[in-house]
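My questions will all concern the structure given below.
Labels run A, B, C, D and E following the written order; every chain starts at residue 1.
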Amino acid sequence: MYMAKVVGSVVSTQKDRSLVGRKLMIVQPVNSDGQSVRHEEVAADSVGAGIGEYVLLVRGAGARRATSEDISKDVNDCSIVGIIDRFDK
Amino acid sequence: MYMAKVVGSVVSTQKDRSLVGRKLMIVQPVNSDGQSVRHEEVAADSVGAGIGEYVLLVRGAGARRATSEDISKDVNDCSIVGIIDRFDK
Amino acid sequence: MYMAKVVGSVVSTQKDRSLVGRKLMIVQPVNSDGQSVRHEEVAADSVGAGIGEYVLLVRGAGARRATSEDISKDVNDCSIVGIIDRFDK
Amino acid sequence: MYMAKVVGSVVSTQKDRSLVGRKLMIVQPVNSDGQSVRHEEVAADSVGAGIGEYVLLVRGAGARRATSEDISKDVNDCSIVGIIDRFDK
Amino acid sequence: MYMAKVVGSVVSTQKDRSLVGRKLMIVQPVNSDGQSVRHEEVAADSVGAGIGEYVLLVRGAGARRATSEDISKDVNDCSIVGIIDRFDK
């Protein structure tokens, strides 16, 4: 899993049926000091995360389990699966 | 998922049967400011994206769900699954 | 598999059901000299690793096999699967 | 999918049964200008690609679909699935 | 697949059941000139590779096919699947 900060969302009218009605958030991966690492990605939101919040991301098959009733038709490969309250170090 | 810009296409005569008849687009991953990140990839197009458009990419098993009727014989591992109208930030 | 050092944990109240009750550790990938490489990730712990310990990480489907009774509903994609006693070189 | 240039092959006598009799090509990922990006990989060839040719690579489960009759015993995770005639930009 | 050099092994007493009795080798990815690229990983050995040898690595589901009788309980995600005799270029 990866830590990321929600920085916006993507508006897409023409898209795969399995993505219709989903919130597609722009997320910036971060480390536990809140510093940006690597590059932005787009994640389907399943926990109601808002702009500016730190979240947990999963990729691949796990991402489909978070957001989909019918995994066999879901193209999604990245989901927000938790809102991070704090980093304990 | 990743944001990318469509920059061209690949012409390939000799290829796996599952790729015949598909549009194989050259895509440059970008961030939400439209800046290039990482390196170009090749994605099968399932939404009719044109050169210069910003798109959503998925990789791996999700990519096969976007473009294939018979997933069990599909070699594809990257698909364009949406056209990005705009980035909301 | 990857070598990593456990550096903390993530506190998340609102998260996918499959992550409830799990220890979500912040791990810093390292090489066999203990030097940090790449960036921090978050891994579900299945072996009782503590802060400061070196551990083995797996990603993807293998990670769900380490920590889950019901893989079909598990969103996790990274698990601690061993505590490293020492590096033999 | 990735673009790559075939630069050589690997000779391996002692290897997994599923790799016996396969051509294991050394491939250098490139962009659509033919410039090297990232690092060399090894790909099983299923289309008869020769040294110096530009090719399409797939990774993961898709790679096994390209080269294997019995996917359940195949360890391969990278295949050449097309020869690139040209880049249209 | 990736080329790598075996540089050592990891000693781990407390680990997932599926890893017990396996040789867990520290491998440094290399290019076909033998130069180190990226960072060390840990791979389960299925071909009897020794320290200093060049090997072929596979990741993900393919890795489990190389080393496991019961894939459904195997957490491993990286295996040595061949010893490289030489690079032909």
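Structural remarks
Definition applied: a residue touches a chain if its C-beta (ideal position, glycine included) is under 8 Å from a C-beta of that chain, and two chains touch if they have at least 3 such contacts.
Note that the coordinates shown come from a computational prediction; the quantities given were computed from them, not determined experimentally.
Note on subunit C versus subunit D: their Cα superposition corresponds to a rotation of 145 degrees, in steps of 5. Centroid to centroid, with C-alpha atoms defining each point, subunit A and subunit D lie 31 Å apart.
Centre-to-centre separation between subunit A and subunit C, using Cα means, comes to 19 Å. Taken residue by residue, subunit E touches two or more other chains at 60-61, whereas all remaining positions touch fewer. If you draw each protein chain as a dot and join the dots that touch, you get one closed loop, with every dot joined to exactly two others. Following neighbours round the ring, subunit D first and subunit E right after, the list reads D, E, C, A, B.
Listing the residues of subunit B that touch subunit D in their complex gives 7-16, 18-19, 24, 26, 39-44, 60-61, 64, 72-78. Those residues of subunit E whose C-beta lies close enough to touch subunit D in the complex are 1-3, 29, 31-32, 37-38, 46-48, 56, 58-63, 65-66, 79, 81-89.
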